[in-house]
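Both complexes below contain subunit A, partnered by subunit B and then by subunit C.
And then the complex of A and B:
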């Protein structure tokens, strides 16, 4: 009796160190950077069929971002439309982290009610859920908004599916003439609509920080002039029509100024135009070289621009008030057409290499340059407002197309409809 | 002394002797009266010293008695001599008286006057002579007395010396005896003391021996106990080390199994963890996970949030997606995975 009790005691003492020990901790440091698996269940439809397949738009948005891996439709084991219909255990087997369900029902012929719910499959928890009532014409835009919400909920970052792209399309008429159009599309390139058409070339569209205005260069008057156009009203003003070249407009972060390239003094130089007063101030003074394609740093005090003052085009930085410029790019013989991420961490530019031109990104802190594209005919890079993707123009089958690449170079996507010839893209800011 | 006195007396003229005798009788009668007085103290002295309990002293008394006897014998003799002398004197006086009576009778008349004158003168002369004689006698007596005295003194002195010597001897003997006695006593005392000391020493020795023996015994006992304790301790240590070794082996074994499964689980979770793109370095989420016996997740709690909800959720999802975990069959090793933690910390 006592012996067994003693044995039990000694066993207890033996085991005590185990008990006293800190909990076993397993370190996880790796992890994959794979796209997040998500199940997007086609939304239920009640009443009149909706003119847009909202869940399909969302599915494409999420897939196009590269951050999500929607399950193939064939893998979906059931089609629940609200929580009561979900058996989470089943969805867990598919290893899908998120589950999106929803339904669209027609209120009347023109109005639809849309509701969605996003669930955490493993915790059987709703992460976000909303209900909307929109006209049929607003369904697509609503789908992008829902994509933004899902993106933000699952990644913690701002979604850019509701932003727009501005670009220039060129159409060859049967009469052998070229028609230029300034177009604005959804962020996925879909739903393009022309905001300006011209027989003369249109170049360098630039979004105002509030996304309400576009500035661009139009040759409609026989020479390069800079215009500012309001998106809602369509009203447009020529803001720079000086003698010589008027080009490469770029909005200051506060939306009050434009940086421009003017050659009114004989040589292309960088100027800053105060829109309200029309006051113009010259930034660069280098009559031997071309200074152009200025963009504002997020701090609104400095400009990056392209200059061949060193013999070959390189990116330089200069104070918006003028003064001495400093060289920013040192890698490669050709660096031009810079754009800056909204967070100020990265600069993207066209990087020439062996006679080919690629989109590259440079870490402004370390100076490290990474070439992101492979096509070799890439131009006009423009950062997405979430600083995560870069929109650029490239060529495919002799025609200009739009493409996007993630800032880490991992995710590539083709934007817009095939068949059109597009160039000079600019990613809009997030709609306020 | 007495002899010279007698000779002196014989040598004197009859007349003179008569006168002297008369005077002597007178004087001696006076003197004889004082004689015993002079002797008595001697006896007293002897008697005074005769007090002794000792046999020696008895002997002394005997001697003294003997001396006294002798003295008495001497006195008797002297008295006889004196008696004889007196008798002789009386005879002489009688003859003289006869002669004188014859002569005197004849002459008495004739000489009566002359005698009277002459007697007067003679008487003066005689007186003078008598005085002189008396003086001389006195002197002689004095001398004699002195001599006697001296003799007596000498004898006394000698006696005293002897006495003293004897006393001294006795004293010495006594002293010696006392000394001896004392020495004996001392010896005895010493012996006793010695004996006692010996006894005490013996006792002390015995006690010491005993104490030593006890000490040795105690020491031995202690040594024995220590030895036993050491053996017990060594045994215990051996047992303990064996137990420890077993335990350590067990711990190592279990630890090895645990490590192996930690690695398996880590790989599995890593494979399923889709790190958020904005999972910047420095983010860390600690998740506490309790598993069901089959390896399914019972519960996941975020113990330490990365303060990035997306990051936290990605970690949670990774754990859920990785489940069920394969767990060791060893119960001890398995126990470690009943409740444990994941630390998600991108590098």
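And then the complex of A and C:
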């Protein structure tokens, strides 16, 4: 059984189809973790053809995670759409562990009924099965939700296929100017849409824990200021526009506060802003050092931040109420841009080595550091909400692209060509 | 007499355009709260109107200079003299450093002298970094560089209300690229005389 799991991921590279309407495309560029063979049978279709190929979206999701090896379509011996049509013996011969079948039928031109069943091939048993009714516009999102269910059923971990990514894109106009856009896409990079466009730089997007709001830094008023924007309504408020720097927002786990960097007292310091009351409290008091890039520990009581108080940028930990900071990183001369996994076990950061910058991960208990990337121009790491992958910005052919790496360093993904420079990624929380 | 007249006209123009009379500024400097001019000056610093202040002063200087012709030396505002150290408006930095290099001290001393001689002039210090490393850290580093320049200018006699400080971090590179050559050009503070 274990043996059948072993399937070289390199095979996938040739098998992965490009998604037609994805501006950013996930592609596995390396990794050796055993992937679970699964047969994804194209869903049956009744009535009006669905505008989304649901089983294809699911197949891409599973393959892109690097943890599943969907069988090549040509190897599928039959096309069952429910249990009565399945001959489990056939699928065992193909050494497929899992089998996904389903049907899409149109209720009317606008509404579709979707059902799926996931089977354990060796036990001839249904693991999970569900039926939904959704509008045509909800088909793609539903496909990602089904992927999440399959992922969770087979791995025991939370799937993140229906989460979103925020990032900043930059386009050079023919007149030689830059146009910045804060964009939000599906987790597979599909459906990127601008939520803010500006002639001035935008950076450091941070999601509210409910995924309903983004905070970010915009230079639209000539200097760095912090804004909060509601995703649904598009309503936005300036929350910090003091003299000096206003930057590096990070949402507290309870969604009520923002940690910020402000230099209104003459030097960049960490502050906590209570959003409802506007009450501002200062956390760090080191007037000689740069203190910035605060992120909350999942307990909501402590912050990690970057400081050069020891001479070089390193990560420190401090109570959100202030007090003494303790140093967290000791390996290397440059550690910055920390992010923490939702389970609190790992910290990822930019790790500088000989003038190059890599994404590294540090076990917060043992302190062990592992460098995960290789290009040397890697920045802005952001954990997936299931603590398993890290999204980051890197460069390819002189252009900014997004990439992801698993926390164990074994699966590398690249979100491919999009025509613009992309940077500053932030992975959304899981939609409740 | 002629000169005096044109100066008077100019001063009136300056006044009409909402700018500060450079002479009046000096006189009222001691009491910033009471003088109308000084209050304007303060607003200018925070709202960016300061540009017109500087322009007013330049107009005055420039106009006087135009009356005199045929001299050998550069005629006009010192800021426009390509041979003056004031024509150096960019200070470069070492990697991850905000220390000003010895060779830039003279340039900065000249700017400081100009600022202390022209207290109505405002200067914007724009701090920049190379594109390596964290964007947020670079934003802070750019500010630190700009503040390092401000400190030197103040040590040489410029006054704190003559400054606007802004950092763009790595968001406005002078040269695209992450190699050493690009880095040298990108790690900089630009001295921008407001309104010029």
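What to note about this one:
By definition in this document, the second predicted complex is superposed on the first by the 396 of 432 C-alpha atoms of A that agree within 3 Å, B and C clash if a C-alpha of one lies under 4 Å from a C-alpha of the other, contacts with A are read in each partner's own complex, and residues count from 1 in each chain.
The criterion applied here is as follows: a contact is a pair of C-beta atoms (placed from the backbone, for glycine too) under 8 Å apart; a residue touches a chain by one contact, two chains touch by 3 or more.
None of these values were measured; they are calculated from a predicted model.
Contacts of A:365 after superposition on the shared chain: neither subunit B nor subunit C is touched. In the superposed model, C is the one of subunit B and subunit C that contacts more residues of subunit A.
In the superposed model, A:157 lies in contact with subunit B only, and not with subunit C. Of the two partner chains placed by superposition, only subunit B is touched by A:97; subunit C is not. In the superposed pair of complexes, A:254 makes contact with neither subunit B nor subunit C. In the superposition on chain A, A:108 makes contact with neither subunit B nor subunit C.
In the superposed model, A:67 lies in contact with subunit B only, and not with subunit C.
Subunit B contributes residues 243, 247, 251, 258, 262, 265-266, 269-279, 286, 288, 308-311, 313-318, 320-321, 332, 335-337, 339-347 to its touches with subunit A in the complex.
Here subunit C touches subunit A in the complex through residues 46, 48, 95-96, 132-137, 139-141, 143-144, 147, 165-168, 171-172, 176-178, going by the rule given at the top. Across the complex, subunit B is touched by residues 14, 17-18, 23-37, 67, 92, 95, 97, 120, 122-123, 154-157, 388 of subunit A. By the touch rule above, subunit A contacts subunit C in their complex via residues 201, 203-204, 217, 219, 222-224, 243-245, 247-248, 261, 263, 266, 268, 290, 292-293, 306, 308, 312-313, 334, 336-337, 350, 352, 355, 357, 377, 379-380, 395, 398, 423-424.
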